[in-house]
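The two complexes that follow have chain A in common; it is paired with chain B in the first and with chain C in the second.
Take a look at the complex of A and B:
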């Protein structure tokens, strides 16, 4: 009896500490965005503000054409996720069903693009986008970012597909499914958790990505570039940075919350033996 | 009506020959068992029949039609895998309905059909559960239900009992026999367990390193094993196979190279009709009490001989002493130096005498 209580309270204590580590920075962002600047910008800022006002949010929305940058960033992130899943999932499935040695070689090649610093491939990519008239467009940024994100996503998905026994697809084929049907009804369904992780990975990568976005879309900037420019130029006395941070965080949290209910561990349980 | 023919099936994996010109003929309604030790090619044969593996050469012929080029989905077969291979994201109902859904059957038909097989296999109460919520035995019934639901021409089973615990295995073995009797579906069954082969099979094919050694009815194989491999593989306990001069001398088998006696053909008491009996002196090494009988380890000519005695006869065999046992001459198997059977078999013996 007693041991149960101790175990439970230790469990809640641990959860509390974890939650604090995760939530406190988010609270700080929230605080800085909403609290009166006089209470924040001093040696010992107050953790509980005397009042909240959305002044900095108002500044961001009013003076920065914020919405168009926000939409560009969102578009880009979703296109990157789309490209990565559409190309990465079939590639990953094929790689996962290859003999080990062959797949190892392919995976090594996948990461060749990763070995070159972004800044170095960024300029040639930008000139290629210029020829395609894709400068300052979400598609242009997304294509460039995908060259970095796609190998990572593919790698994550190879792991996801490898964890699904080939036996299940074989069984489906014997039950009358074609290879393609077996892939859609069995392997793809079971890889969903991995696919959602990959979506979040690609999405987050694009959402935060700076160098390629800066080189390919210098006029119509994504939010990270906008924040950078704002800092580099000086704020002109406007408390905008933290409002930006808050706004950048909200879609990320929303995405993770939406997708997390699809994330299940041990999805294969009960399939074999 | 289903018949299946394998014609000179040849299969390799890299440099290894997996199947070397396997020929088989499986008749309608057969429960055909592929028996052999691991790595002998029996599972590969099953996978070639299913279409999951493609032979290098040779033909798979079903009902007179060459189906060698058909993908698994076009062969109208079903399969029960050793590890069941249930779809973990689907409920038991969806698992069983899957073959019918893929075939675009009507929902009402699917419901009726699933109800029919689930009641046949007594798993109606778990149709709403997911595979991870049910026991191993239930999972296996689900796998069998899924295999039966589309009325396949041919049912393939790959060691379906090997993942069950021993107690469950016995009851499921009887259950499989019932299923085969009541559905009459032509079945090909892979196992390494000779007990399953003997009890379930209407026909047995014994595999060894990619070749078939012998095909026949279980009792025919048991009675007339064509070589020492088959003789020692079929029958439990395994046949005693001896090659010492002393053993061959005593067993009147000087012309043979190997001489075989099944443990159950050795008696410590002299039979009433002693006309065909050979008396043999054995040195008893050790006795293992198994309940109402004793497994005795003994030697002759430096080779082990195993046999059974009833507990009441325990006094007739004492560890470290010699004892005289009696063997029916007609139950002695003779093999040549290549292990092939030569001469003397118990042809003249009426069937009902064999109670091994």
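Take a look at the complex of A and C:
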């Protein structure tokens, strides 16, 4: 009884420490976005601001074409999700039906193709995009980002398909369905949760990425590129950046909460079962 | 002939996987080959000039390479420790677990630029929060410059782990939840201690999950760029990693030399991958 209480308090203590570690930087973003400008221009703004002031948000909405950057980011992220699912889902289905050892090697191969620095693939891609008139477009950014996001997406999808028993589509085929029908009407339907998780992962990756985005769309930038360019110009720590950061973070936090609800162990671990 | 027949039987599977392979081939593998080719080129002729040029590099290519090789396991270790620790905690059924699970996942949704800004407040050279705490509890008497020298690697590793450990935690938690309870019960009956159970049951069962999580992260760690760009920026005292220096050379406009840097990076990566496949093949064939 006593031991149980000690154990539980130790658990809450350890979890509390981890929660603090996780939440403190997020709190800083909120703090700096809302604190009065005079209090931010210090390396260590007071942890409790003297007043809340939406000045930074006001600056962002007034002086930057915020909406156009925001829409470009959104568009790109959705196209990346689309490309990743369209290419990743069928491929993942095939991989999930391979012998274990072969599928493991294919997955590792996919990850290894990413081991080249983004800048090294980004520059030739940018010149190719220029020829195809895809520079400064969301499709151009999305194509480049998809090639990096695909391995993780495929990995998660392999897990999703693995968690579906093969006998379901097999018995459908015995009843006269074609392989393709079995895939569309059975496996794909049952893998919807996993596909949803994969969509969010691809989306998050695109929302975050700025090296490729900067190379391919230097004129019409996504939000992370905009923030980075502000910082690179030596205007780092400007209230505007923090306001951008905040606007960029809030919707995504909601997304992560949804993600963790659906990202059950059978999906993320399924590829290795 | 057998291959043709097999291909016919699995036509759908082949058609399913081809688009992905072609896409990756065009967007990833082709640029890689192009880069290797470029690194051996000088004014349209094959030459080792670019590689000789690397010797004049500051910091030297050797230093940068060693830094990269040292940084990756260091960052992975921090990430892995945080992830395993949280996964083990979250694997208990205690009230409030799902709330904590949600909180732990939050950093995964924070963009790298954003987390870098937050951590630049923590790791500022003068009076940042990290320094305030160290001086406050008396561990240090002077301001630590978190973004220069080797300490910069520590700051980068912590800031990077903060954002990425949730994903590893999820993978490990998935692995933990797949271990049958009966194994622990049997071990407990045989009188195995908690530590023994952890070493003999948890770790071996978790092994494939640890391996895939490490591969996923090592890939990004080798190429880590966005975070140091913002966190330490153009701090001349930063010692650099290969991909960071690649970016710098690139901004200076020498495509051939940066292609040479990339080729060096790629060769290092390939050595590690081959070792990895060899080791995992050996262990894998034994345990599974």
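Criterion: the second predicted complex is superposed on the first by the 193 of 273 C-alpha atoms of A that agree within 3 Å, B and C clash if a C-alpha of one lies under 4 Å from a C-alpha of the other, contacts with A are read in each partner's own complex, and residues count from 1 in each chain.
Basically, a contact is a pair of C-beta atoms (placed from the backbone, for glycine too) under 8 Å apart; a residue touches a chain by one contact, two chains touch by 3 or more.
What you see is a predicted model, and the numbers here were worked out from it, not measured in a lab.
On chain A, which partner touches more residues: chain B or chain C?
Residues of chain A touched, chain B against chain C: more for C.
One more residue to check, A:171. First (chain B), second (chain C), both or neither?
So A:171 only meets chain B here.
A:260 contacts which: chain B (first), chain C (second), both, neither?
second
With the two structures laid over each other on chain A, which partner does A:198 touch: chain B (first), chain C (second), both, or neither?
neither
Who does A:150 touch here: chain B (first), chain C (second), both, or neither?
second
For A:181 in the superposed arrangement: first (chain B), second (chain C), both or neither?
A:181: touches chain B, not chain C.
Which partner does A:18 contact after superposing on A: first (chain B), second (chain C), both, neither?
The second partner, chain C, only.
Touch check for A:216: first (chain B), second (chain C), both, or neither?
neither
Where on chain A do chain B and chain C both make contact?
Comparing the two interfaces on chain A, one with chain B and one with chain C, the shared residues are 179, 267-269, 271-273.
Which positions of chain A touch chain B when the two form their complex?
Answer in residue numbers: 165, 167-168, 170-179, 181, 185-186, 189-190, 267-273.
What residues of chain A sit close enough to touch chain C in their complex?
It is residues 8, 11-12, 14-15, 18-19, 21-26, 28-29, 32, 42-45, 86-88, 90-91, 93-95, 97, 100-101, 104-105, 107-108, 110-121, 123-125, 143-144, 146-147, 150, 152, 154-155, 179-180, 183, 204, 207-211, 224, 227-228, 231-232, 236-237, 241-242, 245, 248-249, 252-253, 255-257, 259-260, 263-269, 271-273 of chain A that touch chain C.
In the complex formed with chain A, which residues of chain B make contact?
50-52, 71-73, 77-79, 81, 83-89, 98-99, 102-103, 130-134, 136, 139, 146, 150, 156, 163
Show which residues of chain C lie in contact with chain A when the two form their complex.
So the residues of chain C touching chain A come out as 12-17, 19-21, 23-24, 27-32, 34-35, 82, 85-86, 89, 92, 94, 96, 100-115, 117-122, 124-129, 132, 162, 170-171, 173-178, 208-209, 212, 215-216, 219-220, 222-223, 225-226, 229-230, 233, 242-243, 246-247, 250, 255, 258-259, 262, 265-266, 269, 273, 276-277, 280, 284, 288.
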